[in-house]
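What follows is a pair of complexes built around subunit A, which joins subunit B in one and subunit C in the other.
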Partner chain A sequence: MTWQVLLSTMLLQMKQSFVRPMFRFCLLANPVLNTILICEMFRSSGRTDFAAYAVLGAGLMGLWCCICFSSAGDLNRERYMGTLSLLFAVPAPVETVLWGKILGNTLLSLGTLLLAWLTAGVLYETWAIPARPGWLLLVLVITILCFLQVSVLTAWLLTLSRKTTLYMNCLELPVVFLCGFVVPVEELPAWLQAISNLLPPTWAVRLLRMAVAGVPDENAFWRCLGILAVLMLAAGLLSRRCGRAVDRRVRVLGNLEVC
Partner chain B sequence: MAVRRFFSQACLYTKGRQAAFQWEEFLLLEAGYPFLTLVFYCVLAAYSFRTANLSHWVAGNALLLCVNTCLFRLGSAFQGERRYGRLRSILASPASLLAVVLESGFFPMLLSAVTAAGGFCLGSLLFGVTLRHAPWGLLMAVILTAMMAMTGLGLLLSALSLLGDGMHFLLNVSQYVLMIFTGVQFPVDQLPAAVRWISGLLPLTRSVRAMDLLLAGDRRGWIPLAAGEAALGLADCLLAAGLLRLTARRAMKTGGLELF
Partner chain C sequence: MEPVIEVRDLRRDYVTSKGLLRRKTQTVRAVDGVSFTVERGEIFGMLGQNGAGKTTTIKMLITLLAPTSGVCRVLGCDTFGQEKQIRPRINFIFGGEMGVYRRLSARDNLKYFGNLYGVPPRLRDERIEEILRLVDLEEAADRLAETYSKGMLQRLQIARGLINDPEIVFMDEPTVGLDPLGAHMLRDIIRRLRDAGKTVLLTTHYLPEAEELCDRMVILNRGKIAASGTPAQIRGAEETMEDAYLRLIREVEV
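Entry: the complex of A and B
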């Protein structure tokens, strides 16, 4: 039953997301335009890690853009359609529906990584070949899980506000900046690095970069993976507690439609 | 009478849009987020171009701050009217469509001029750009000319919103087109020759060069550039007036104002 709900929600969400012009921008136009912009900025830099930053960075920015402008605001869209209270009232847990929605969006959003890779290859003849394909596959799965968890947590928190659009807009760039999508975290001031290191996507991005560019010290890879696992576990627990607190709060106050 | 109506409508639009926000949310959206965008692209430029002299990027990205307002507010003006159910009344009345779009963006545009100037000062402080001998009056004149040109583009794009529901797509693509083709983030000469001509048709290209000249101490070179920018803005406004008539007529003919 739970799997059926998860699967049907996921498929419906994929269809619904794809018809929205903003999602189509995030999915199709953003990775292409971002890759052109970042590749042009990096072109004359002479950096050897060009592919790891420009191509991967553009793809990840597209992925996060899709998550920000869809997953984070999906519960708010249900609110506008008048179906949010039904989701909380039906026997299927609202958490399952939320995971289904976010899973659908995230799977669709993975296309941004492919588009960024293709754009860099076709326009700039930079075919980023991963140094460790096995690691890349493993890290991609973990990165999907990491972004899913961050999306669920964000979606729960945004359920409590009627100004979701404002926060969605304000959420995109800080994460790109703090998690080192295109500029290494080490370039940021020390106090920002401390915040950055507490965010799971920072470690997922580090792992992805290691898998693409290669790393001389294998232990560093496994250490990063360990830290990411701990942070994801903490985020998972926080998300669960947050979900329960939101669920209880909206039932007690009866303000699901008009927070 | 028409002027009073313009300002009362502009006030009403602004009140309607800001009423739901607390002052800290207002600051976050109008000042915090645009400034963060400026910081992000300056840090990216410092890393990718391996340079410590960021005056070009601080000035260029400060100008880009007004994109958000001019482009998005004007470009999506009719979308808001469609949502309120007022679009049919506007088209049926003798009210000027151009005025309706400008009313909705007037105060936000003024605010964005302040944001651009503030962003430029804060960005300069943060990235160590020397402004001791900066010609403030001339810099402000360039910012205002750039805004005028951007208003023209915003009006032009707003005309297209009468034909479909893809404005979010179009406006976001336009924002990236401006970042790629106007020389804000990297020199226009880097672009392939086949597409370089697009830069000349876009607002901001000349303003970015004018800002660079002024910051380099050239007090004359900016004049033809600013004049070119103003002419482009005027041409876009005229084009927008014609296009608005055409798209409104087409939307009425096909009955596709609310559904496409």
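Entry: the complex of A and C
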């Protein structure tokens, strides 16, 4: 039942997301515009890993924008359509439904990485060729899992409030900067770096850059992967606990519907 | 007879808070000490004005709301804490146009909810055809729900509520938004459910409908039970159910 629920929710989500103009903007226009913006910012920076920052930065920004706005926005839409409460009252675990929804959005949103790569290549002749294609493939799968996990945790917390739209707008940019999508985390103030290093996407982004730009010390890659695995495990446990608590809390508060 | 719904001294409070610095909390008691039982195979009615506590009671019974206190059991299980045992065996239909995915067709909506209820694919598809015929949505089955009229959306809701062949169906004002033909169709569905041995808990404002369909009923007023019994017992010497209902409410209000 779990796989059937996961797959059918994922397909339903893809169908519903793609017909929305806002999602299409985030998916198609946003990565192109972001790539142009970041390429212009980094062109004269003299950084050798320019391609890794421009393409990955724009692609990841688009990916996060799609996940954040659609996943959080979907909760709001479900609340207004009266379907959110139904999802909490059916036999299928609501956690599986959330994973399915976010998986659907994330898989669709992966197109942003491809679009950013094409934009940088066509407009700036910067074809980012991965130094370690095998690593890139591995890290892409882990990155998807990492984004899924963060999004599910966020979705649980957003379920508690009816002000989802407000929170989703507050979430987008801090994550972009804190997780080093565009600006290296090392450029941030030390106290912010401490927060950054606790967030799993920061390490996923580091790994992606290593796979694209290459790394002199191979051990650094595996060390980074180990830290990400530990953080993802912790986030997974937190998400499960949070899910159980929210599932009970929303039924006590009775706030799954619009007043 | 076997009781499938047991409600004893059930209470539900809604607590709301306002203000940032001087936070004020306000508690509204929506259900206040309600008790009743429903036997298997019965059609049980809950009547009452807006705000009487009917929807809140139904939401507690379908495991969507936690009771503040009291006993709330369905099929022998507590609705808060043992919901996993209850959910596959019940379903619910709310009045109005909410509760369906507008950007999906009726068939896709039913397939999806069938999956959420763990109905095996072959059985699900057979059941979908049967239910679509039952609610007269066969021809519009592959059109997006956003193109449906109010009545069609309501019929889709009814179809969704039957997708898992539930033992108990909770219906909260299911005829809201239905034209006379649609309402007649729903009454037929309710009778068929009774003939199939299902239990139906129904709330409605339409008193003749309640009198026609229900084996027993309770009348709620401001979260409390004002009267209970068979329709004949509640009507008593009054000429119509409406007269009896108005008399009861006035008596309680006084």
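Methods note: the second predicted complex is superposed on the first by the 257 of 259 C-alpha atoms of A that agree within 3 Å, B and C clash if a C-alpha of one lies under 4 Å from a C-alpha of the other, contacts with A are read in each partner's own complex, and residues count from 1 in each chain.
Just so it is clear, contacts are C-beta pairs under 8 Å (C-beta built on N, C-alpha and C of every residue); 3 or more make two chains touch, one makes a residue touch a chain.
Please read these numbers as outputs of a predicted model, since none were measured by experiment.
**Student:** Assess the superposed three-chain arrangement around subunit A: do subunit B and subunit C clash, or do they fit?
**Tutor:** Pair status: fit.
**Student:** Give one of first, second, both or neither to describe whether A:R248 is in contact with subunit B, with subunit C, with both, or with none.
**Tutor:** It touches subunit C, and subunit B stays clear.
**Student:** A:Q4 contacts which: subunit B (first), subunit C (second), both, neither?
**Tutor:** Second partner only.
**Student:** Can A:M81 be said to touch subunit B (first), subunit C (second), both, or neither?
**Tutor:** After superposition on chain A, A:M81 lies in contact with subunit C alone.
**Student:** Under the superposition described above, what is the C-alpha centre angle at subunit A formed with subunit B and subunit C, rounded in steps of 10 degrees?
**Tutor:** 90
**Student:** Looking at subunit A, does subunit C or subunit B touch more of its residues?
**Tutor:** In the superposed model, B touches more residues of subunit A.
**Student:** Figure out whether A:L12 sits in contact with subunit B (first) or subunit C (second), or with both, or with neither.
**Tutor:** second
**Student:** What is the minimum C-alpha distance, in Å, between subunit B and subunit C after the two complexes are superposed on chain A?
**Tutor:** Between subunit B and subunit C, the minimum C-alpha distance equals 6 Å.
**Student:** Would you mind writing out the residues of subunit B in touch with subunit A in their complex?
**Tutor:** 20-21, 25, 28-29, 32-33, 36-37, 39-40, 43-50, 165-169, 172-173, 176-177, 179-180, 185-186, 190-191
**Student:** Which of the residues in subunit C end up touching subunit A in this complex?
**Tutor:** 14, 59, 62-66, 80, 84, 87-88, 92, 94, 96, 98-104, 108, 111-113, 115-118, 121
**Student:** For the complex, give me every residue of subunit A touching subunit B.
**Tutor:** 21-22, 24-25, 29-30, 33-34, 36-38, 40-47, 162-163, 166, 169-170, 173-174, 176-177, 182-184, 187-188
**Student:** Quick one: which bits of subunit A touch subunit C in the complex? Just the residue numbers, please.
**Tutor:** Listed in rising order, the residues of subunit A that touch subunit C are 1, 4-5, 8-9, 12, 15-16, 19, 81-83, 85-92, 97, 248, 251-252, 254, 256.
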